Structure formats: structure tokens, C-alpha cells
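Structures incoming, each one as C-alpha cells.
Next come two complexes, and both contain chain A; in the first it sits with chain B, in the second with chain C.
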Partner chain A sequence: MADERPIRVLIAKPGLDGHDRGAKVVARALRDAGMEVIYTGIRQTPQMIAEAALQEDAQVVGLSILSGAHLELFPRVVEELKTRGVDDVLLFAGGIIPKADIPAIEAMGFKGVFGPGTDTNAIIAFVRDNAPQRV
Partner chain B sequence: MDATTLVEGILAGERRALSRAISHVEADSAIGREVLEALYPRTGGAQVVGITGSAGAGKSTLVGAIAREQRKRGRTVGIVAVDPSSPFSHGAILGDRIRMQDLTADGGVFLRSMASRGNLGGLSETATGVADVMDAAGFDIVLIETVGAGQDEVEVANAAGTTVLVANPGGGDDVQSMKAGLMEVAQVMVVNKADLAGADTAVQQLRGLLAIADPGPWEPPILKAIARTGEGVPELVDAIDRHQAYYRESEHSGEERRKHAERQVLAITRAILHREALATARASGALGALVQQVADRNRDPRNAAEELLEAVRREWAAE
Partner chain C sequence: MSKSKQEWLETTWGKAVSRFAPRRPRFESSSGAEVDPLYGPEDLAEWNYHEKLGYPGEYPFTRGVQPTMYRGRLWTMRQYAGFADAEESNRRYKFLLAQGQTGLSVAFDLPTQIGYDSDSPEAEGEVGKVGVAISSLEDMETLTNGIPMEKITTSMTINATAPILLALYVAAAKKQGADLAKVGGTIQNDILKEYIARGTYIFPPRPSLRLITDVFAWCKDELPEWNTISISGYHMREAGCTAAQELAFTFADAIEYVDAALNAGLHFDEFGGRLAFFWACHSNFLEEVAKFRASRRIWAKIATERYGSKDPRAQMVRFHTQTGGATLTAQQPLNNIIRTTLQAMSAVLGGTQSLHTNSYDEALALPTEKSVEVALRTQQVIGYESGVADVIDPLAGSYYVEALTDRVEAEAWAYLSRIEDLGGALLGIEQGFQQREIQESAFRLQRMTETKERIVVGVNDYVTEDEVEPDLMRVDTALGKRRQDQLAALRARRDNDAVKRSLAKIRAAASTSENMMPLLVEAVEAYTTVGEICGVLREEWGEYQEVMTI
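Moving on to the complex of A and B:
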């Protein structure tokens, strides 16, 4: 069965966003593409997200943010992952993120940034192509 | 990381090694089997507790409440939370962390979500293994939350020394439907959402079912709780402790452990047999023709199944 192991993805929302429509749409699309999606709910601290990624041995971590605090919160998530030795996850981001900020986010280690209106198939293909092997 | 590194890491308390080892056990990989073999002699220290009951009974919330109560008592807690996989895409949304957010920040808790991964009966196999890894890692308590439907529910409970059945007020039909296997499955029963009307009736129904069963030396206690507020949870934890004492220390301990070990071995055997027999059946040339005969009503399904099993036996005898 080892060869059929589905990709495990953690979808998390750092910060104080009040709703999670987008995150849920992405979670469902990835599930329908055969992935196992761990969803943690809203208002997560960077520590909680990193700890969940560690405990779940997620191959992929997707962060969704609407509040505009991405340049504050994303580096802290990356830092918390590093503190825990989680150095082999694929990071991607979505939500309301101005184009001008994308290079900075990519420099933090995020391989993909998906804004509103993105075709979920593009996200599925991105995750499939880039998720690191686990077992 | 190879098996030796993982085992050393786990025994040194490294959470990352624990997490990766669980992935291997879940995938039933060669490394996973090696890890289990090395760790198994170190298991037995943890209270392994299964939480079962139908969907919506409040299992996740109750697991969170039990974990919080155990933390108050100074015990560390490993949690295995199982959610269903989609039968169509094989994907899953694992949402148990939502109800246990506060526990994520607690270094004395380790929560792992698992998907049921289809209907091949392999869940008991892997959930038992994951619980064993957590046990060997030194957690005082390991909670296994079942998916909440079907046979897997019973099988996953086989991994636990103590299984808690979660029922609800107004869930009379539910209780009725579980009647048959109730005694084998649950050593502690709890009516959750006890602030809703009908809680006492639900307790009565469970008591009635117990009365017609033969409980043996351990009579399952029936409690009431409100997982959302934590009411009744200390009493539930006390009841689990009492059953664990019975299971570990009473004069019946040897017999109970043997029965539990037998359930585990048989459940895993059943899972492997199921998987391998179906794989052989699918690969055998016989399936397509038999299916067509049944579809054309030239052969009844039971007869076709016998024929297919005969093909499997021939295949296995030839190996």
C-alpha cells in the first residue's frame, strides 16, 4: 500500500481573519483530487501551524490570509517550522496578497502564491508536481 | 531517516522522529514494520483508550475534553483521530484539530489525524500500529477516536485496552443497532450532550441492554457527560482508570490481556486476508466472467463468490 499513499496537505489560516471561504474551497478541491487535507480552522498562531505541520507530518503547508498581515505572519510561520526542524515541506500561500509582495514571499521559501480567482486545478497541479516524497 | 534513527529519535523524545515513524507505520512500509518490531517490547506503559460512537455523537469534542482533564492530572496524551476518506476520490478532509486547537500549543499532547483510506479493512492494522508507536514514545494516555460508522468502528476499538462508547439522548435507534456487538466493544459507556432532553432515557436504554447481556466480571459503567463544558468528564476519566486497573492489575488481568491480544491479532489478520484475497480475486481472470453471469442472472452472487474464492485458493495453493 506504500505506493498509494495520498499526499498530506495542511491548510491553515494565520492571524485574525474572520472567515475561511477560500481556504475551504481549496481544501475541498485538494480532497477531491485524492489528497488528505488537514484543516485546522481560523485564528491560528504561527506556533500552532508549525506544530500541526510537525505532528501531522504534512508534505505540504498552504497558508491562507485575507487580513494583509502576510509579511508579518508568514516569516514567523517559516521560523517556527525551522525551529522544529521541519525543513522538507512545500509551502504555498493564498488569499488577498498584492502582486508587489509576491517576490518577498517567494524569497521566504513559498513556491506558489495564488490570489483570488485562481483555478483550483492550477493549485492541484502545483501541489502534485512539487510535493516532496515522504515514505 | 532509517528505522534505527527513527527508533532512537522516538526514545529520545524527538517529536519529528515520532511523526515520521507514524507516517511509515500508516503507509505499512518496510521501515514502518521495522520500527514497530523494535518498539513493541517497549509498549504497554500507556493507557490505550478507544472512543467510538456514531457520527455526530461528539467524539472529537469528548476526546478534547478527556485530553484536557488528563493534562490537569499531569499525564501526557497522544491522540489518533480517524476521519473518513471519500470512497470516490480517496481524499479526505481531516478536521479533528479544529475542536482541539488549544491542545496544539501543549507540549504534552501529540495529535495525529488519519484518514480511513477506503474500505479494505486496513484501518485496524494501521491505527493499532500508530497507537503502539505513541505508547512506546512514552505517552501516559493514547486516545484513539474512531471514524464513527460501520465495522471499522469495532475494529479500531480492538486496538484499545479500554473502549468508551459515546451515545446521545434521543439516539435510541443507534443504541439498538449496536446491541449485538455492544458488550464486546465497550467497557465504559457515556451519554454525551447530557444537557439535552432524554439523557436519562438513553442511560436507561443502555442499562436495559446491559441487563440482557452477560457482562462477565467487568460491568460497564454508564455515565453522563457534556463534553462541550467538560461536565462529567472527570468522572469519565475515573471510570476509564478503574477499567484500566481491572485490565492491568485485577485477578482477571491475564485473561483480559489475552482476550485483547486475540482481538488485535484476529482483526489484523482479517484486514490482511481481506486485502490480499480481494487483490488476488481482482487479478484472477475469473472475476469478469462471474460478474457477467450474475449480471445476466445466470448465476447467483453467493455462488459466484464461492467460485471466486475457489480461484483465490487455487492461486494461493500454487504459490
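Moving on to the complex of A and C:
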């Protein structure tokens, strides 16, 4: 089987907020769905997240933020990933993110933005359908 | 002829459910314990009124800590607020006071909470977002401008940097000419739950606990009306734990603080009366009422039996309540007004001393002025119109409420003894115990929502398609730059030699057991900033590393 290798996902908390309930629930749900999940912990700088994505060879990077700093921090994470040549990852985001900000986040390269109340099965399906293949 | 509950369950109830199955195979509390369809005298067979309840204002305080409760005065209506800079937040506080709010509650932005000034690189993007940015005495003076600090009590949600923000508040009060003996308020100052759930820690546990006991000791003499800590279950509950875990994890933290203070040479009854508590109020209406009542009974026992307290004030759980942020839904946000109303009602029936009601738009962004006003009005309607505040502890004697109060208490004691076996709250945290328990409960709740064992209106049932989001609050994006300019001007204007001297004294005291508070007051009076002080202490003490539990 070609797709036997589990998908590698990095779940990260950029910025200073400590609200990690959502990040941990998503990490756990993806892991229970058979993926390899690395959770960074809270208070990660964009550099730390990009470095972890590189070191862990992540195919998918999910960012969770509830402080309202997404429009400032997300572009910096994308920038740091590019600097390290990590350009074939699936990006998605979650947290308290107003709908009006979603187009801007999608324009940065994020394929999905999941707010409060999202069913984790929807996130699992999204990751399975969109994760880039690795050989 | 009298029939027992068991007989009724087997006959009348049994016959009925064999024809019409109940809505769910099993009904349960937040901790997963099964709830019977009916409660009666058999459920309180061993129950003794005087032992379990007593009277308001008397041990074990189950019915309330004040003898008069809300007949004397209603709870303090205290809306947690703060955003952007000190000037904007000061305006919001004056608005809230003009609407009949009776105390202030300050939300600080994350850089302030984690000890970074608004102009530091770590603060980028976060300045003024989740609260007000306060870096120096200049900011604190602006924040409290025109607010009589002798009369209005202020609660500050601040932990790792609590002693510094308290020093700033004291310095501002002194500049206003206030008598410190009359200045009242609360700092959260609860670092252990930051390690467990909230995340705004800076230093490792030992120096953090030392700062906390320094505050206890200093306030006893200098600021007698100040609540030196607000030991908080709120954030652990928001992170996913159950009602009983909320009580147990909080009291385990309380025991850790008390032990640290005793080790520092203080006596329990000297500071016990200045300990405050902070509970969440979630959606299971009667279980939450039971939780509040159980909390008073548990602490009264800990205070007397473990610490030999003789002073009733030191045995009372005086608490603030906030309705459950995690119960708010981004979908159909107006429904949140109803959720918040029910939760606020349980907090009042549970005898809270002060209350924050969440605004309906908080699952989407910081609240607007309009939504905050509705939230405050909710409290006023409960207080003045519903009649529930007219009689003390009106649910006492309900078979179910009393059985539930006993059960929440028993479950909390069981957790307390598990934590005791691990060596106390701090060792539990270092082993990831509380964190894992909270994660498990959060995950269980998520699963129950996804399988629809639990219905959340508007989220997994009664869903509306294509909702239009309400107007949301936005923090001005130019704020970061403005703050940088303000701080640059301050650093140019102040006496920088005095700043250096104050920092040198703090550095020298870091490795001793000298009380830090007088040094912090002196430093902030010289306009030394929060970030500068924390920078020195970071160098001296290092930083806490998160225990990874997933």
C-alpha cells in the first residue's frame, strides 16, 4: 500500500497565550486517527515552530491561537518556514478567529481555519484529504 | 403505607420506563457519576443538618460566609475588562462604573502578564490584545485616573508579575493620596494553576512561591484590606476538568501556598482571612450550586483540621465567580446570553461574593461595549427582579441538591488524597498529574459532543446555516507603535540612575530571603518597568519549562 506511512502533523501554539485545550484535543484526535502528532507546547516563537516543522519532517502544521494576534503571528510563521525551505506542508489554523480574517489567512497559504465547536472528525478528514504525499 | 424509593423505582417508575424509554440510557454529572431520576429522604439517611449545613456566617459555612448574605448587599458586580492601552481601558472602567458596576476587574495583556514591556520583541502582535498593556507607573496612573482608589476595590488578574503590578497599584494609590489602610482589592497571584492550565508563568516554582509569600507577609502590615491571592479553579475548569476536580485541584494548590507561608514563618490565622478563591460556573445548574456549597465545607475543614485555625474569617471560602467562557458558542451567539444567565443564577444560588458575567460575543472576539452592558444587566436583573437573592441559600434541604453537595465534596476529597499521595500539588504538576486529568476530561467532553451524547444547542443540534457574525471589537493595530513611542519617551525622561540602582537592589535580593515587595515599590516609583524588573529576575532565577503531557 502506498499510503501506509502515517501522516506527520505538528500542532503548535504561536505567541504568548496559554489556552491549549483546543490544541491538545486536536492533537489527541489526530493521533487516535493514526497520525504521528508532535505537539510543541505553548508560547512558541515563529522561529521555534518552523524549526520544529523542519526537524520533525512534518507534512502538516496546525497553529492554534486565541489571543487575537493571528494576523501578526501567522505570516511570520509562514515566512520562517519559507526561510528554511519548508514549502510543501499543509497549513491549517484554529482558535478564536473572526470570519472576516479568514480570507487574509487563506491568502497566506492556510487551507483550513477551524473555530470553536468544530467536530474533530472534520479536521481529521481535512488533514487526510489535503496532506501532501511523502515518499 | 410508606413506600421506599427502591420500591417506587421497581414498580411505578419501572413500569413507565418499560413503555417509554428515557431520553438517554444514562444521566450523569460532569464527573461521569450516574444521577438518579429522583432523590428522596433515603438519599440523606445519614445526613445531619447541623453537621452538614449549620447557619450562614457560621462553621462549616455551607449556607454562606456572611450572616446576612444578599440581604445586606448584593454580590459585587465585577466585569473583567481591559484592552488596548491604559487610556482606553480607563474609559471602559468609567463606563462600567457609570452603568452601576460596583468594583473593577483588570485584564492585562499577555506581555504584561509574562513580564515583557510593550516595546520588547516578544510582545510583537500581542500588545493590548487580551487586556490592557501596563509597563510602567505612568501607565498605571493613567489606568486609575479619576477612579477613587480608596473607595473602589480592584481585582487584578495577574500572576507571575503580580507583586510588580501590586507595587504599581500601591504606588499609584499613594500618588492619589489614598490611605493604604483603606485600599482594597485582589491580585490573582496564583502561579500553580498557571503551570497547570493558564500558561502565563515566568519563573520556576521555588522563587515563584517565595514571591507569593512575600506578598502575604508584606500586605499583612502595609495593605491590610488586600486579598493577597485568588486561588483559582476557573482556568482548570475552562481547560476541561470536572466540577469536583476544579475544587480538588484548587484546594491542593491552596494547601501548597499555605504550607509555603507557614515555612516562611507566618501563622495561618494571620493571612488565612486574606485568601480568596475563584470558581467557574458552567452549565449543569444544580451541580454548580452544589459545588459552591461544597467548596465552603471543604475549606472550613482544611482550615480547622489541618491548620488548626481559630479565626472564622480564615476558615471561609470567599469567592469570585465567572461564568463559563468555554461554554460559550461561536454559533448563534445570542444563545450565550441565556447560558450566562443560568450560570450567573447558579453562582448567586451558590452564594458568590462577586461575579463576572461573560458577554455573548466572547467566543468570537473581545466583547463590545454593547455586549458587556447586556452581561452586566443580566446580573442586575437577577439581583433586583428574580427574588433569588432575598432568602439565604434557598436551595438548602432539596434532597437532590444536598445529595449532590455531598457527592461533589466526596469526589473532591478523593482527588485531594490522590494529590497528597503524589506529594502535593507541585509534585503532582511536575509529574503532569493534574494536566493529564484535565486533558482526559476535556477529551471525554469533546467525544460526548461529537457522538451527541451531549447536545450543545446551535453546535451539534438545532444548527443554523450561513450565520452572519455580529459586529466585533477590534484593537487598533497602530497601538504597538504608539506604545513603543510612549515607552521610548519615558525611558528618556526618567532618572535612569535611580532605575539602575533599583534594579541592582532587586538583583541582590533575588538570592536572599529578603521580602521583595518594598524593593519593587521603590523600583516602580522610579519608573522602572515591568519588563526591566522581570529581565533581571529571569537572569537570576531562570524560567519554568512546561511539563509536556501529550
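The rule is simple: the second predicted complex is superposed on the first by the 132 of 135 C-alpha atoms of A that agree within 3 Å, B and C clash if a C-alpha of one lies under 4 Å from a C-alpha of the other, contacts with A are read in each partner's own complex, and residues count from 1 in each chain.
Keep this in mind: a residue touches a chain if its C-beta (ideal position, glycine included) is under 8 Å from a C-beta of that chain, and two chains touch if they have at least 3 such contacts.
Remember, it's a predicted structure, so these values are computed and weren't measured experimentally.
Chemist: What does the overlay on chain A give for chain B and chain C, a clash or a fit?
Modeler: fit
Chemist: Just checking: does A:Pro116 make contact with chain B only, chain C only, both, or neither of them? Give me first, second, both or neither.
Modeler: second
Chemist: Return first, second, both or neither, reflecting whether A:Arg28 touches chain B, chain C, both chains, or no partner chain.
Modeler: Once the two structures are laid over each other on A, A:Arg28 reaches both partners.
Chemist: Tell me the contact category for A:Arg5 with respect to chain B and chain C: first, second, both or neither.
Modeler: A:Arg5 sits against chain B, while chain C stays out of touch.
Chemist: For A:Leu73, is the partner it touches chain B (first), chain C (second), both, or none of the two (neither)?
Modeler: The answer is second: A:Leu73 touches chain C but not chain B.
Chemist: Is A:Leu81 touching the first partner chain B, the second partner chain C, both, or neither of them?
Modeler: neither
Chemist: Give one of first, second, both or neither to describe whether A:Tyr39 is in contact with chain B, with chain C, with both, or with none.
Modeler: both
Chemist: Is A:Arg134 in contact with chain B, with chain C, with both, or with neither (first, second, both, neither)?
Modeler: Only chain B is touched by A:Arg134; chain C is not.
Chemist: Which angle, as a multiple of 10 degrees, do chain B and chain C span at the CA centre of chain A?
Modeler: About 100 degrees between chain B and chain C, seen from chain A.
Chemist: Please state the minimum Cα-Cα separation between chain B and chain C in the superposed model, rounded to the nearest whole Å.
Modeler: 5
Chemist: Residue overlap on chain A between the chain B contact set and the chain C contact set?
Modeler: Common to the two interfaces on chain A: residues 27-28, 39, 41, 45.
Chemist: Which residues of chain B touch chain A once you look at their complex with the stated criterion?
Modeler: Within the complex, chain B contacts chain A at residues 15-16, 19-20, 22-24, 26-32, 85-86, 89-95, 97-98, 101, 104-105, 110-113, 115, 117, 122, 275.
Chemist: Quick check on the complex: what are the chain C residues that touch chain A?
Modeler: Listed in rising order, the residues of chain C that touch chain A are 110-111, 113-114, 122, 124-126, 129-130, 194, 197-200, 238-240, 326, 328-331, 363-366, 439, 442-443, 446, 449-450, 456, 459-460, 469, 472, 475, 546, 548, 550.
Chemist: Considering only the defined contacts, which chain A positions touch chain B in the complex?
Modeler: So the residues of chain A touching chain B come out as 1-2, 5-6, 27-28, 30-41, 44-45, 47-48, 51-52, 54-57, 84-86, 134-135.
Chemist: Given the complex with chain C, which residues does chain A contribute to the contact?
Modeler: So the residues of chain A in touch with chain C come to 15-21, 24-25, 27-29, 39, 41-43, 45, 67-69, 71-73, 96, 98-100, 115-117, 119-121.
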